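The next part holds the structures, each set out as structure tokens.
In the two assemblies presented below, chain A is common to both, partnered first by chain B and then by chain C.
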Partner chain A sequence: MYPRSLVTTVVALGVAAVAMSGVPAVGQAPRPGGVLNVTQREDSPQGFAIHETSTISTVWPAMPCLSNLVIFDPLKQQESAESVVGELAEKWAWQDGNRSLVLSLRKNVKWHDGQPFTSKDVKFTFDMVRGAPDAGKLRINPRKGWYENVEAIEAPDPHTVVFRLKRPQPSLLLMLASGYSPVYAAHVPPAQYRTTCVGTGPFKVKEWRKGEFIDYVKNPDYFIEGRPYLDGMRYVVIKERGTRVAALQAGQVDVSFPGDMSPTSGEQLKNAVPGIVVRPTHENVNNNIIMNMKKPPFDNAKVRLAVSHAIDRRALTTAVHQGGGVVGAAMAPKPHGVWGLPEKELLALPGYGTDPAEEKEKARRILRDLGFTPQNPLRVEMATRAIAIYVDMASFVINELKQVGIEATLKQVETAQWHAMATRGDYQIGANLTGIGPDDPDANFYENYVCGSPRNYSFYCSEQVEKMIEQQSAELDPAKRMRMVWDIQKRLEQDAARPMLNWRLDHFTTWPKVKNLVPHQSLYNWGRMQEVWLDR
Partner chain B sequence: MKTYIAQRLFVAGLTLFGMSVVIFALLRLAPGDIVDVLFSAAGYVDPSERQLILEELGLDEPVWKQYVTWIAQIFTGDLGKSYRYDLPAWEIIKPLIPVTVELAILATIVSVLLGVPAGVMSAVRQDTGFDYALRVVSLAGLSMPSFWLGMVIILTLVAWLGWIPPLTYVSPRENFWLHSVQFLLPALAVGYRSSALIMRITRSAMLEVLREDYIRTAWAKGQAGRAVVWRHALKNAILPVVTVIGIEFAFLIGGLVVTETVFNLPGVARFLVEAILWRDYPIVQNLVMIIAIVVIFTNLIVDLLYGVLDPRVRYGG
Partner chain C sequence: MAVRPIGAEIELTRPSAVTGRASLSTVVTRFARKKPLGALGGVLMVIMALTAVFADVLDTYDPIATDAAATLAAPGPDHWLGTDHLGRDIYSRIVHGARVSLIVGIASTLLGSVLGGVIGLLSGYTGGKVDLISQRLLDILQGLPLLVLALVMSASLGPSVQNVIIAISIPIIPRASRVIRASVLAIREMQFVEAARALGTAHLRIAFRHVLPNTVGPFIVLMTAQLGSAILVEAALSFLGLGVPEPYPSWGRMLSVSAAEYAQKAPHLVLFPGLAISLAVFGSNLFGDALRDTLDPRLRGA
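Moving on to the complex of A and B:
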């Protein structure tokens, strides 16, 4: 029996923790007004042109200006099919045997330049993104693959839009809900979004001082009554990490940059500023190993498996990421993600077992069978991006590989060259990071694992897996689909298609006065800010 | 004098031409270009899209043609367009220059105010405890990188006061006090390092001059110590110090990268590094040329100052 005072204290601390967690506090009515200062790690690389990039450095500061058809509920921590809510679309329905998604659009929505928003804008945007003939063209189009299944987009009247699909695809709605899927104005050239923003979002761009800040003011014509709560926002570019942490501590910024805070920085801030809110937040970004299957020795699945067995993922998480990571397979692990493998099945995969010595022995056995011994080790070159978070991971992996008889030398590749090199296949093995927009199997598998997909740096290509991916994509029964997605993940790890090392955890930090800013399990989808308010 | 200046300007022109070739060539020799960086942010590369962007930016042209276009642009006063921002390069470069120039001037003032008197006093009291103390302080200044000192200043302020200087540029017209604080702290961090160098140069120059016969004569004639040291000795020892001050100032214009980054000041150096990483050729090429012009003209001004400070210096024709 615990003393009554101890129980009371524990309960009180628990309640306080929940109240501080950014979830709308019970009994606290949102108060309008105030300016939120938000950290920005670098100047937005593509301005507000979200469709032309994948980096969070653009998505995060550009989201408040734009709107989607649908979006993940900003106040729910876990994104899923159930958390999708309307944004420019008031309601939607699947028709024609789930081959048509019919969306009814809000009326009286205006672009920031005063022009009316209509279904033409939606058709213009998504025809352009899917690369339809006679549509506008994006300079760079990283998510064209998301819309391969879209046969046509129709705008029968100004307030209705229909996505006609080749086959049912429940994921379409989740991809449309991602921060990567804003609607552009048809009357604005897409290139203009690189310098200015004409959106329908809760905030209008007031000023973008290059390399310094982006200033937003409240959009008085925003289509949701009473939103946004804030009068404005400033995204302050702070290049130096130490200065970013100091700026948070000094209260010059109220919110950290998503994906930027390590457990150590979070701890340091918590010690320095009582009451500051630090939340371990899943990023939907994984650390992984890419192996070029077009070239020996990694065209041999056994060699790839040996690599996967050799790496102690838990030690990597502790030693390199200071505990800021979770071990999982190709989909975000539970409880953060929806589609992650159950623990038991994960532990049975090559390299994921809890006994690293046993896993390493398996790796040595495979290599021995292939003729590699300590006297005759397998020599490879490990490429990675010349950025600390990549190099630290690669160095750890090299040490792990050495223990099983793989001698890897580190080759640091300048950032400008990294993706070009990986896409060309000018490497043997690499330490890589992959971010995925929504926590959704289609968004992940079609981008990273199907034959010839744009980010399939390993050149993995399996007809059988591709079929499995197509089948899960069309499956309407959620429970059945879940099992299919698990099977795909197991198969990907058994083939060592791209062994996952861990999934990154951010220690997202806000001042306690910041309310209703709820981080989701993917850092790309919750930057709209219309629900955020300041308890001043 | 006129001939000398004309000669120097001719050499400056040649130097700038050489610089333009070197920077242009080096940028093209570095692996990757803006298109690679753009695709890197998208996480993939599409060869046909890549080719279209190269054409759009004129990067598919032969390299010599790109060089000629750039030089022609300079002569017409058009610095081209930033690849990254899709805006005129001058529009981006212009607001950066006053920030860096102000910081460099302030840092130079700090370094002179600290370095010259310390060097003189150290020389006058050679081998005393005071001299040793000053030498230790100056050695520390030389050993401590200014960015490290800058970070220590930031961390100390935040730990002790829970406050740091503003992280977005505050113009003097907006708030003079905040503006001064924003610039004074980085100027101290940078100026301390420079002052250490100036102090050492001043000390050694002063030690040499203090042993000259005319100084001994001045002492013997019973002139006041202050007059001997500051009027006679320092005036004769100042030439190498002025040279170092000039070099330091010129260096600061392009060498403030880390200080500008730590204090989050939107200056030339920080932006230059960013532009190099982005392979934003129009920004890098033009910024380097601007820095080169500042360095060349600072040196010229220093050389001309010699004549003012020492009438014995004559400028040959």
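Moving on to the complex of A and C:
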């Protein structure tokens, strides 16, 4: 006969094991209430000013406060034109031969300060982002290029907005659905979003204690009835990666930071907490090398090509990401992305061959012709952001470059300075991560490769490539457009415009009690949190 | 109790000096017999110094070479102390890390001690307002803990070997100044200094030729005592990402970020660098203590 306490313990453990199995309960009705503790890897560098940021460190904690016109369905993992749903816009339609996007806005939506939301707010926001004359100004405007094709934004009545385009651009809707495209309040100075947030989102900012946490409370006036489910959220800043994993393991936080978890960390957590849910997820973030083409030696395309040949992308994926990555060119590779180059065409590009020794020999040959050898190396300073995922990659790349005759020292730059430094071109070569809002060629090419874009950190500028980008953007036939996008990707790698190293896979981790938080294939678009609930 | 000037020391020790070169081994043996722990510390310091000097010979791999096929490998015949998350050989990184630790430790201690020593000498010898003002300024500097001050300095200067040396040396200045000034205050009242003054010798000459040589004992003790702290602070700065930048090995950085993340799966990532830091600091402290006991006449025989 076993003691009763032992039987009770065994039963309780069994119940707990089932509860923590992570299998979603079919037909389980969402339960309101509770506070979600979310991991934040650093203080939000731009506060809640999403239009001034280029990092998930800001988008992730700021998204719950704001709303878009349209958004990718939060419950669908695969994002596409078909998964776009209305948010502030109830419905929309393409008119005028795909040259006008007409959106009908929700009525009775209020800003967190009680002011009514109208089409004026939409016009104010997107005129500012596209840099229209007499519009508000942003300190830094990373995605101005997304809206180059917008000729005018009209607000014929308080609940209708029309985006008039110079030419058809099917990508516009996908860019508007990104977490990078919230609507700001016209009555609030844009600079104010750097410290506080007046939004229409499901949560209101209660307190932002810098370096510690951001506290949110439920917005009782949220325009979707019955949402959000949670009473509140706390984004806890934990700067050190090992401590973040430990906090997750200890249950101090319920959700990992997007893009933070390696397969090894995921496996470690699975072993420590068997019920914990680890989901391998594509991030739409690539590791790449930026080289400043305004300054020697990287104004020389041959030197850039040597760098591209030198780096063994598969070894990087195995060593730095423990297999948590996929090799691909400028667009996310299949099956994660829609526009990725076919394998055969990828392998023919400089640096992508399957024999790393042969690729390195090509790099040595190029550098030898330019007078550099491992004995008389080309000395450069490599900059990277002072975050573990950047530093690990940079350490690997430095060793790869050393083998072909490029001696690099590492300069670590704080997040607040990193993007501004890259935009100014105040660097020689950099180990960089580029995240792209939606998996869309326009979002990527206009942001990162056209002349003059603030996010074109390498200062790559090719008239011919720009024409190709323009043509694919206007193409309405998906098959034709795909072929054009492949050609652009090949050209970018041949010019070593920004050599791609690989595309990252996150092992997004949540405690089993967290429901309806579905990671998408791009980490920038699913942080709204209005559908999330806790199975307490 | 009067401190003997260096001239008197020479007179007293001259008879044993007649035995010549054999006396070094005799001195070492006597030191080891009287201070066995100090000798152990000395041996650890010598091993560290030799490791740093011959790192290129002792390593088994390039310390920055990554190996995708051997990430987080356990200690074994291929990698004696295992590999880190990028497949870099831990043993080779520790061997090269000794060079960084020793260079930063010695250079920062030397820089801080020399600057502090000169300030202490001039302050103690001159006295009056110069002494008062300089010592109050150093009081302010000394009010801040070594690590905190080094952190602030390093964060503002940016991570590099030179900057780490500067960052660590500055907090050492007031400590060195205090020790040297205390010796100078006693020495400047001694008869041979009086005699030099009476002969019309210039003050600077008295300070540097007659007073300074007599502070060598406390200076050496100070140096060895600060060396351990400097190594530890360098490790702490590197751990916090403000020390020697990646990918070059530093013991503190090896303990940092990724090691902490993978410590459960690969405990050797934290075990061996931690051991290296502990042994270096332990050795330096033991040796420094024994040296202080031997060289400080007040503690002689204690």
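The definition used in the following text is that the second predicted complex is superposed on the first by the 420 of 536 C-alpha atoms of A that agree within 3 Å, B and C clash if a C-alpha of one lies under 4 Å from a C-alpha of the other, contacts with A are read in each partner's own complex, and residues count from 1 in each chain.
As a convention for this text, a residue touches a chain if its C-beta (ideal position, glycine included) is under 8 Å from a C-beta of that chain, and two chains touch if they have at least 3 such contacts.
These numbers were taken from a predicted model, which means no experiment stands behind them.
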{"item": "First (chain B), second (chain C), both or neither touched by A:78", "value": "neither"}
{"item": "First (chain B), second (chain C), both or neither touched by A:58", "value": "first"}
{"item": "Which superposed partner A:318 touches (first chain B, second chain C, both, neither)", "value": "second"}
{"item": "Partner chain in contact with A:396 - chain B first, chain C second, else both or neither", "value": "second"}
{"item": "First, second, both or neither for A:462, with chain B first and chain C second", "value": "neither"}
{"item": "Chain B versus chain C as contact partner of A:98, first or second or both or neither", "value": "neither"}
{"item": "Touched partner set for A:195, first chain B, second chain C, both or neither", "value": "first"}
{"item": "Contacts of A:410 with chain B and chain C, given as first, second, both or neither", "value": "second"}
{"item": "First (chain B), second (chain C), both or neither touched by A:142", "value": "first"}
{"item": "Superposed model, chain A: greater residue contact from chain B or chain C", "value": "B"}
{"item": "Shared contact residues on chain A - chain B and chain C", "value": "240, 242-243, 272"}
{"item": "Chain A residues touching chain C - in the complex, by the definition given at the top", "value": "240-243, 245, 264-265, 267-268, 272, 312, 314-316, 318-320, 322, 386, 388, 391-392, 394-396, 398-400, 402, 409-412"}
{"item": "Chain B - residues contacting chain A, complex", "value": "31-33, 36-46, 49, 52-53, 56, 84-87, 92, 95, 151, 154-155, 157-159, 162-164, 166-169, 261-264, 266, 270-271, 274, 277, 279"}
{"item": "Parts of chain C lying in touch with chain A, wherever the complex brings them together", "value": "62, 64-69, 71-72, 85-87, 158-159, 241, 245-247, 257-265"}
{"item": "Chain B partner contacts - residues on chain A that touch it in the complex", "value": "42-43, 45-47, 52-55, 57-58, 139-142, 191, 194-195, 209-213, 234, 236-240, 242-243, 246-247, 249-253, 272, 414-420, 423-424, 434-435, 454-455"}
